[in-house]
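Notes to accompany the following structure.
Chains here go by letter, A, B, C and D, matching the order in which they are written, and residues are numbered from 1 within each.
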Amino acid sequence: MRYVFKTSYDADIRLFKHRAQAVWYGLLLLLVLATPLYFVAIGDAYLLGEITGVLILAIAGMGLMLLTGHTGLPSLGHATFMAMGCYVNINLLGAGVPWVVAFPLSGLIAGAFGTLIALPVLRLHGVYLALATLAMSILTSDFVVMAEPWTGGIAGAAVPDINLFGIEINRYATPYKFYYLVLFVAILLVWFYRNLLRTPTGRSFTAIRDSEISARAMGINLTRTKATSFFLSATAAGLAGALFGHSAGYVTNETFDLVMSITLLLMIVIGGLGFIHGAFFGAIVVGIIPVAIANGRSFLATTFDVNINVPGLESALFAFILVCFILFEPMGLYGRWLKIRTYFELFPFYRKDMFKRQKSYLKTDRIQ
Amino acid sequence: MSLLDIQNITLKFGGLVAVDNVSLAVEKGEVFALVGPNGAGKSTIFNLISRFYDPVAGTIRFDGHDLLQNAADQVPGFGIARTFQNIELFEQATVLQNLLVGRHRHRQTGLLSNIVFSPKAYREEVRHREAVEEVIDFLNLQPYRDKMIGGLPYGVRKVVELGRALASEPKLLLLDEPASGLSVEETQDMAFWIEDIQTQMGISVMMVEHDMGLVSAVSDRVMALSDGKELAMGIATEVQSHPAVIEAYLGTGEVSKTGTSRA
Amino acid sequence: MSNDSETRDVVLQIDNLESYYGPIMAIRGVSLTVREGQIVTVLGANGAGKTTLLKTVSGVMDPEKGTVRMQGTEIQRLDPDAIVRRGIVHVPEGREIFPLMSVAENIAMGAYTRTDRSGIAADEEMVYSYFPILKDRRAQRAGTLSGGQQQMLAIGRGLMSQPKLMLLDEPSLGLSPLLTHEIFEIIVRLNTEQKVTMMLVEQNAKVALDAADYGYVMELGRIVMDDRAEVLAASKDIQEFYLGVSQDENQRGQRRWKQRKTWR
Amino acid sequence: MDFLQLIISGLANGCVYGLIALGFVLIYKATEAVNFAQGDFMMLGAFVCIGFTNHEYMGLNFWLAVPLSILVMGAFGYLFNWGILRHMFGQSQTSIVILTIAMGFIIRFFAGATWSHEPTSLETPYAGQELRPGGLVLGVDEVLIVVVTAILTLVFYLFFSRTRIGLAMQAASQNQLAAYYMGIPVKRIHSLVWGLSGMVAAVAGVLFASKGAIDPSTGLLGIKAFAAAAIGGFGSLPGALLGGLIIGLVEPLAARYGPPGVSQIAPYAILLLILIFRPGGIFSQTQRKKV
């Protein structure tokens, strides 16, 4: 067991609770920084590209986590904000704006767009908000087609390469540089996110999630705070969308569809709602399953000469795995991680039923 | 001038008159209690002050401000903090975090400095924590400081809610049934705290309470309401002995299995 | 351990019950007995585990260890609805009502397990006669009632199931002194007239001990004292900590130290 | 006349949306869960019936196949709740929503693997038959849809407002704990209502597939029905029908008279507008919390 003695206010405000924690996160940082070395050694960067993809998903996931996990506003339309970020980025780069300016700007414009979308629907709760954002997500593809001069419509648009102070970065030509770029953005956003949660802004988000009435009675302006959360969330999604564009190289009206929005929500629930870690755990699962399925299939094909080719099998298998995750780990992967950690911290006093859930009962959402 | 001045306030729900032409004033530094039968409109008056409801007639002035001109989330800014009858805490947060939200009205940093955690944000954070730790000390909440609200017993939650209101350093504290569900021992603690809040912190208190022991122990003036109307007004003993109050609210005699009164 | 006549009139027998809220042990080996026709009260400070005890009996929480027997048959770990059908009704504290249904529909739901229409109608009238305000608000959505009225509704609804054993959790919570008095009169009347056995958890120890036959005192998840209600009411500890007898009416200037509890 | 014809086919379409929405609302009203797979339930119901009655499959008599498929889908709904959802009792709605989304994928795969991905029509004895009251041409299939939808909505409306078990379902959705305290077997009631909504889905599927062709991706129609339920006000049965009709009518009218592409957008634009101006839908069921 570990006891943390707090001797100053800093102890509560600091990023890490104790030195061991800081050491662990330091090691993690070293690991992710050193990961490309392995791929350089084996001379195949394919998997590194997948890892970069996971990081991009995690960036979008953090955006959605802030809105859904910390402010309590579900959204089934985050792919729309990703699309916004992606297309703004393409157009700015096309207009000759340097990447260092275009990239943040694409996030901010997606954020502003998110706020604009959010303001009329902020009175909605739960299912209704989910539905309104769902409608938005469905309409996105139509709007992308309508805005053909900027988006390329059905034919699609190519995404220019990144030119960062003269360094050319392309997902395929320079996978390592692209990885480090995405990693940098992800780490920066994690830092911003952590800062937010330890300051008044973040607390006002969670206050709204837990009790709107109380939040108002404490002087929190619901509309402004929710709009802020929407803004930050859409900004992160927009940045992820811009990176996604660079990663895909080519985007059409079907790239940012409803399935992507749904996947994002699935991701943060599986990862663990209400934890920054959850966005990463979820992204890892969502990123790994398709790779695993594809590998499994080619393994079957090469080893046993069994060719499984049923349309829809991937998504069905994917869905089945998700069902298992939700059934067996309702608190998300981060919840499982916390249990494992507690087991070791309390050893040997851990009780088998310690995390057995007491029966729980729901009350209506219709009282708001 | 009174700190809180309510004149001829009336509220209707559909055809039902919940508050009927009530006037009252809370002076600086006093403890003012509202008593009365269930459904008399006591909590409704609190909700009117908090601007959760719009009155159909009347005025509410606080410390020189016309509250009716302001939205619910602006009310705390003037220095009014409140608790709720059925406890409205932030369940997924710790006691400390709940109290820190109480500091929201003293927030001075913006979004940007929060995100990058600027030195200014850091200094503000330390100030908030100092204020909150004082409240934790005052209410003996140290054992629960880092506990999640979800797992705390009812009595502790009541105290946390009081703490959250205090953390905002209000001029007027609205307490909705502070002693309901508390044991005799805890009610006594509550009485002492209310006394200290009044005398040491100089905060005026307005409370709704059924425990006449607590009401008479701490309040300077008591108003009895029934059916949304004023029934009696005065010091605790006067109101308690008012025949209409006894009839509508207090009742007489006691229950026992033998049917005889043991009063 | 005891002879036949002693066990025969036992309605509820709890042995060595342990319940957890996640990692926290909320009740630690509680044993108690409720006999037919009794009003048994459980006193204790907040967080002592009284509500957990009632929830474990009514099946909305599962115990980790121990047994709960209703007239001899074990009922722990049954689903709550099965326990209601065995004649135990739990009247919860606070606002466990159906907020979007009318008051009348809420009361009708109380009789869900019954099928005798005339009996139900008669009991509805009984509830309305006990709580006239509910009759006035019959068509109103229950969620729009005031806190105290919701409490009345919860109690009235509990009466509708014609239970053998009623578990009452803080019936006086948020009620005016007059209404508290009336509720306890109703409880005693139900007990004597309808022969409903009662297990009662209450902060207001004074009314609870006045109404009860037997009392248990819980502290930190354990039973620390039990005796006939009169004996408990006369005990010095109970007077000091639960009845507040040693305090006079005006607490201003009262001493601010606390006496030690003898069972600690 | 042309306009009237348009209206009538719109009504029939709207009723299909309404029927799927009815399934949503049943489940929402009794469990507060949202079944994102309701459209896939409908699709599955249609294929089950096709499997029973079409000549290339079992070739059973249509009037035997319909009740059989309704029974099969009822059992499917019941077992889905019993086998999967019951283990998530008391968990947040978000988890349940996600579970049903995932179920949708699995059902689509299963249907495609079992019955092919080709659009298939249900072979009905009344295929191609028409009624001609006063110059109008009405397909029997369309009339049947309208009649069945109206009857089902009425029946379920009465069921929820008049019967003991219907009230108990509403009670269970509003406060599970209190429902248990009343002795209401909440879990069994959940299974029951999932069974019911499976049956409604089968009816919707049969009617839909008898009017036109169906393929596994038709289940995505559920999203439009979802919009219908929200327009009417989630939790209101007449609202589900009304919402379905609104969408059903707007689509052909927008396609006929509006600029291209608008008919695709129209249902969701209406949904957004309704939610902005009346956040709980037309027959709003929401209520402000009292403190």
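Keep in mind that, in the parts below, a contact is a pair of C-beta atoms (placed from the backbone, for glycine too) under 8 Å apart; a residue touches a chain by one contact, two chains touch by 3 or more.
All values reported here derive from a predicted model rather than from experimental measurement.
Farthest chain from chain D (centres taken as the mean of C-alpha atoms): B. Taking A-C and A-D together, the pair of chains sharing more C-beta contacts is A-D.
Computed centre separation for the pair chain A/chain C is 48 angstrom, with centres defined by C-alpha atoms. Inter-chain spacing, taken between the CA centroids of chain A and chain D, is 32 Å.
Distance between chain centres (mean CA atoms), chain B to chain C: 28 Å. Put simply, the C-alpha centre of chain C and that of chain D have 44 angstrom between them. Residue positions 213, 359, 361, 364, 366-367 of chain A each touch two or more of the other chains.
Touching two or more other chains at once are residues 43, 52, 84-86, 88 of chain B. Counting partner chains per residue, chain D shows two or more touched chains at residues 174-175, 177, 180, 285, 287, 289, 291. Taken as a graph of touching chains, this assembly is fully connected, with contact between every pair of chains. Across the complex, chain D is touched by residues 68, 74, 120-121, 123-128, 130-132, 134-136, 138-139, 142, 145-146, 213, 258, 262, 265-266, 269, 273, 310-313, 315-316, 318-320, 322-323, 326-327, 330, 359-368 of chain A. Here chain B touches chain C in the complex through residues 13, 36-39, 43-44, 85-86, 151-156, 177, 180-188, 191-192, 195, 210, 212-213, 216-218, 248-251, 253-257, 259, 262, going by the rule given at the top. Those residues of chain D that touch chain C in the complex are listed here as 164, 167-168, 170-171, 174-175, 177-187, 285, 287, 289-290. Of all the residues in chain B, the ones that touch chain A in their complex are 50, 52, 71-77, 81-82, 84, 88-93, 96-97, 100-105, 107, 109, 111, 114-117, 121-122, 124-126, 128-130, 133, 164, 168. Here chain B touches chain D in the complex through residues 43, 47, 52, 84-86, 88, going by the rule given at the top.
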